[in-house]
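Chain lettering (A, B, C, D, E, F, G, H, I and J) follows the sequence in which the chains are written, and residue indices restart at 1 in each chain.
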Amino acid sequence: MLFLAEMEVRLPPDMPPERVDELTGRERQYSQALQRDGRWPHLWRVAGRWANVSVLDVSSVDELHELLSGLPLFPYLDIRVTPLARHPNAINRGEDDA
Amino acid sequence: MLFLAEMEVRLPPDMPPERVDELTGRERQYSQALQRDGRWPHLWRVAGRWANVSVLDVSSVDELHELLSGLPLFPYLDIRVTPLARHPNAINRGEDDA
Amino acid sequence: MLFLAEMEVRLPPDMPPERVDELTGRERQYSQALQRDGRWPHLWRVAGRWANVSVLDVSSVDELHELLSGLPLFPYLDIRVTPLARHPNAINRGEDDA
Amino acid sequence: MLFLAEMEVRLPPDMPPERVDELTGRERQYSQALQRDGRWPHLWRVAGRWANVSVLDVSSVDELHELLSGLPLFPYLDIRVTPLARHPNAINRGEDDA
Amino acid sequence: MLFLAEMEVRLPPDMPPERVDELTGRERQYSQALQRDGRWPHLWRVAGRWANVSVLDVSSVDELHELLSGLPLFPYLDIRVTPLARHPNAINRGEDDA
Amino acid sequence: MLFLAEMEVRLPPDMPPERVDELTGRERQYSQALQRDGRWPHLWRVAGRWANVSVLDVSSVDELHELLSGLPLFPYLDIRVTPLARHPNAINRGEDDA
Amino acid sequence: MLFLAEMEVRLPPDMPPERVDELTGRERQYSQALQRDGRWPHLWRVAGRWANVSVLDVSSVDELHELLSGLPLFPYLDIRVTPLARHPNAINRGEDDA
Amino acid sequence: MLFLAEMEVRLPPDMPPERVDELTGRERQYSQALQRDGRWPHLWRVAGRWANVSVLDVSSVDELHELLSGLPLFPYLDIRVTPLARHPNAINRGEDDA
Amino acid sequence: MLFLAEMEVRLPPDMPPERVDELTGRERQYSQALQRDGRWPHLWRVAGRWANVSVLDVSSVDELHELLSGLPLFPYLDIRVTPLARHPNAINRGEDDA
Amino acid sequence: MLFLAEMEVRLPPDMPPERVDELTGRERQYSQALQRDGRWPHLWRVAGRWANVSVLDVSSVDELHELLSGLPLFPYLDIRVTPLARHPNAINRGEDDA
């Protein structure tokens, strides 16, 4: 089951650089683990912003929230979620995308 | 090069059903041709709306506009485009997604 | 799995009263069938508006969209969907609400 | 009498973790007491956000405000309230939901 | 129990003048009956707009919606409702205003 | 002459409690003096928010601004003003309300 | 007493040209009469829009609404009113501007 | 003197195709004449929309409005204007861009 | 050439009072010098807000930006500029207003 | 390939002046280098704001993001990007502008 998640990063301007590095380092690991196990199939950068467009593949809304609220940067993210259904015109229904 | 396109369909309420059918039929063909040739890699329905979230893969902005303005439903679409860059945390940079 | 659906009804002002009656009659039947089978557990009217706040209980986003797009009034509805997860402070997790 | 309350939590980024724990601990107790006495019949998490969707059952607007302004997190909450009336299509009018 | 109702009138531009007169005439009667029985204690015009700011005094949200949806102009009104509680600084709590 | 004033209080989260108490104490006195002399005829709390809906009765816009900018909490208020005219359907034009 | 009025003209696209001419002709006369008697001291066009920015000088909000609602184009105007007070830094307080 | 003009085209859905062709044909001629005489130095299409981003070079705001309101499509355009000043970091101040 | 400038003042809540006084004192001098030389013909306070509505008379957009960015409070101002053209219905075109 | 980038600068109010100078100095150098190599063909100041309107000429979205995220002020910029296509009415298609 797919969900679009649009995430905007908003760090406090006075966060020490080491803290930023530590958080973004853990974010990378967390994100890549989820990409590898197939639950975060798409991750793109929004050009010009510290923001991303993601597609997540989970089996329930609870799992989705658990996954998102576990992001190391979660306290600094503004996330908007849109549930995605199969499109009747899509030719690859139900496999890698659904 | 990838672009997110969020499309909302707004048909005039008095459009005759045959006209709707004809337009949506042509839209399906147009969309599926682009999916098959790889330029429309992702197409999802927004749950609860006559709207979709799409990712388009084109080699220029001109090609993107040509592709979108050629949609049979284009006069009735409200389309918002977001340019997508590679995300530094993405593990599959540049292949199946780009 | 629960989703909040906020629905606003926008009929064309020149729709004939019989057509309005027919649509709202079918809407009532459709809605009550889903309430009875447990997939539409909550339905409230927004005071002062021709709008409702609903909670739907489905097993997938595809089922959610199928359910909503099958509403007789769907072409005239503006629907916003919010996925709902269990709240850690909720005392009745997962039973009568899910 | 039911009211929808959409609550968004916005803690100052520099609040000490112990203070956060203390506040959220008291929030949980406060919220669960109200759930138990029937005045907070529904409490859901908005997926991807530190936010909730709640339905409150009170006998007056004054009681509603007293209840909400008593939340330990109240100074950090952005709350939007929508009064809910019975929906004519609802099959369980007036009992557990109203 | 008081509710603020902000109402904006939006008639279709092609409504025949007689129909407008009939509706606004019935609206005046309906509104004045409610003012006389005390349920519509305040009614003001928003300067420069075909809109009003009203305060309604009802004993439940159901009564509020019944009252508002009974307005002859209801199909053409955009109404926003805000529940009003007693203000701790108000000196005349509960009498002529409630 | 009546004006609707919608006021939202936004104190800095790190204001010391004594300062908050002092300001809100002075606010109460200031507000009640104006209520007693008839220039602040209505004051309601917006349910769920640190906000109020007020109606002010002044003889000029200059007096209105003087009154509002004299509020002890003024530096922390977001105030929106709407000029109110008599409504043609109002039955008590010009007396206690105007 | 001064009020800023921002007016946007929205004629139905199918209004016959003669009707447009008649309305705009009467609007011009109405507007110029008010400019001559001093109640409409400033009238500017918003570049690129069928819209204006106006300053009106009236002795009450009722007079303001009477003046604005008497505009021949009133049914097709979207008007936003802002009450203007003397600015403490203004050097010509109260004369030609008030 | 440069102004950014963002123009969105909104034709009534029932405009006859010949009328659309006639208007867009005249629009093209009008626009190209202004491009040739240097007053419309930049004209770009917004990808995915019937909209453009333009930069206009005029000697006064009156000339700007005259130019824009003379567009054959003007009654169907939603235009937002932003005045552009020289940027202190720009290396080609005042020549080809101004 | 006239421009409407709507300015909202947003000082950091912890700015020392002497700094506020110094800035607002210099703002007053700067503003009054421009009013005297005719480039700031209108300056009004928005009732209920620390904000103003101004009309500026300059000979270019560069001059406008130089004037506005020279305001002592500029770093704390949110300014929206609207270019104003002569209105065809205005009876005093081009003199005291332009 | 052209992109419109609208950039708004938002420095923390307590940033030390030397830090501001250092950042804006590096921003100037970075920006002018890109202007000289042709990738930042247009750069304008938005009158009255610490903001700019830019047009960037890049060969991919990745290059665009790399360019923008490399701005010394990037952590303090709010950037909105709009992809620009050739306009069918533009007379200088494809050369200096495209």
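Quick note on the criterion: a contact is a pair of C-beta atoms (placed from the backbone, for glycine too) under 8 Å apart; a residue touches a chain by one contact, two chains touch by 3 or more.
For clarity, every value in this text was computed on a predicted model and none was experimentally measured.
If you check the contacts of subunit E and subunit H, which chains show up for both?
Intersection of subunit E and subunit H contact lists gives G.
Show which chains lie in contact with subunit F and also with subunit G.
A chain counts here if it touches both subunit F and subunit G, which gives E, I.
Express in whole angstrom the distance between the two chain centres, defined as the mean CA positions of subunit A and subunit B.
For subunit A versus subunit B, the centre distance works out to 22 Å.
Could you put a whole-Å number on the gap between the CA centroids of subunit B and subunit F?
So the centre of subunit B lies 50 Å away from the centre of subunit F.
For subunit B versus subunit I, what separation do you get between their C-alpha means, in angstrom?
Result: the chain centres lie 45 Å from each other.
Could you list the positions in subunit A whose residues touch two or more of the other chains?
In subunit A, residues 2-3, 45, 47-48, 61, 64-65, 81-86 touch at least two other chains, as defined above.
Using the contact rule from the top, write out all pairs of chains that touch.
The list of touching pairs comes to A-B, A-C, A-D, A-J, B-C, B-H, B-J, C-D, C-E, D-E, D-F, E-F, E-G, F-G, F-I, G-H, G-I, H-I, H-J, I-J.
In their shared complex, at which residues does subunit B touch subunit H?
Per the touch definition, subunit B meets subunit H at residues 3, 5, 12, 15, 61, 64-65, 68-69, 75-76, 79-81.
For the complex, which residues does subunit B have touching subunit C?
Listed in rising order, the residues are 13-14, 45, 47-50.
Subunit A touches which residues of subunit B in the complex?
Listed in rising order, the residues are 2, 4, 27-28, 31-32, 35-36, 42-48, 52-53, 55, 82-92, 97.
Could you list, by residue number, the parts of subunit A that touch subunit C in their complex?
These residues of subunit A touch subunit C: 1-3, 60-62, 64-66, 81-86, 98.
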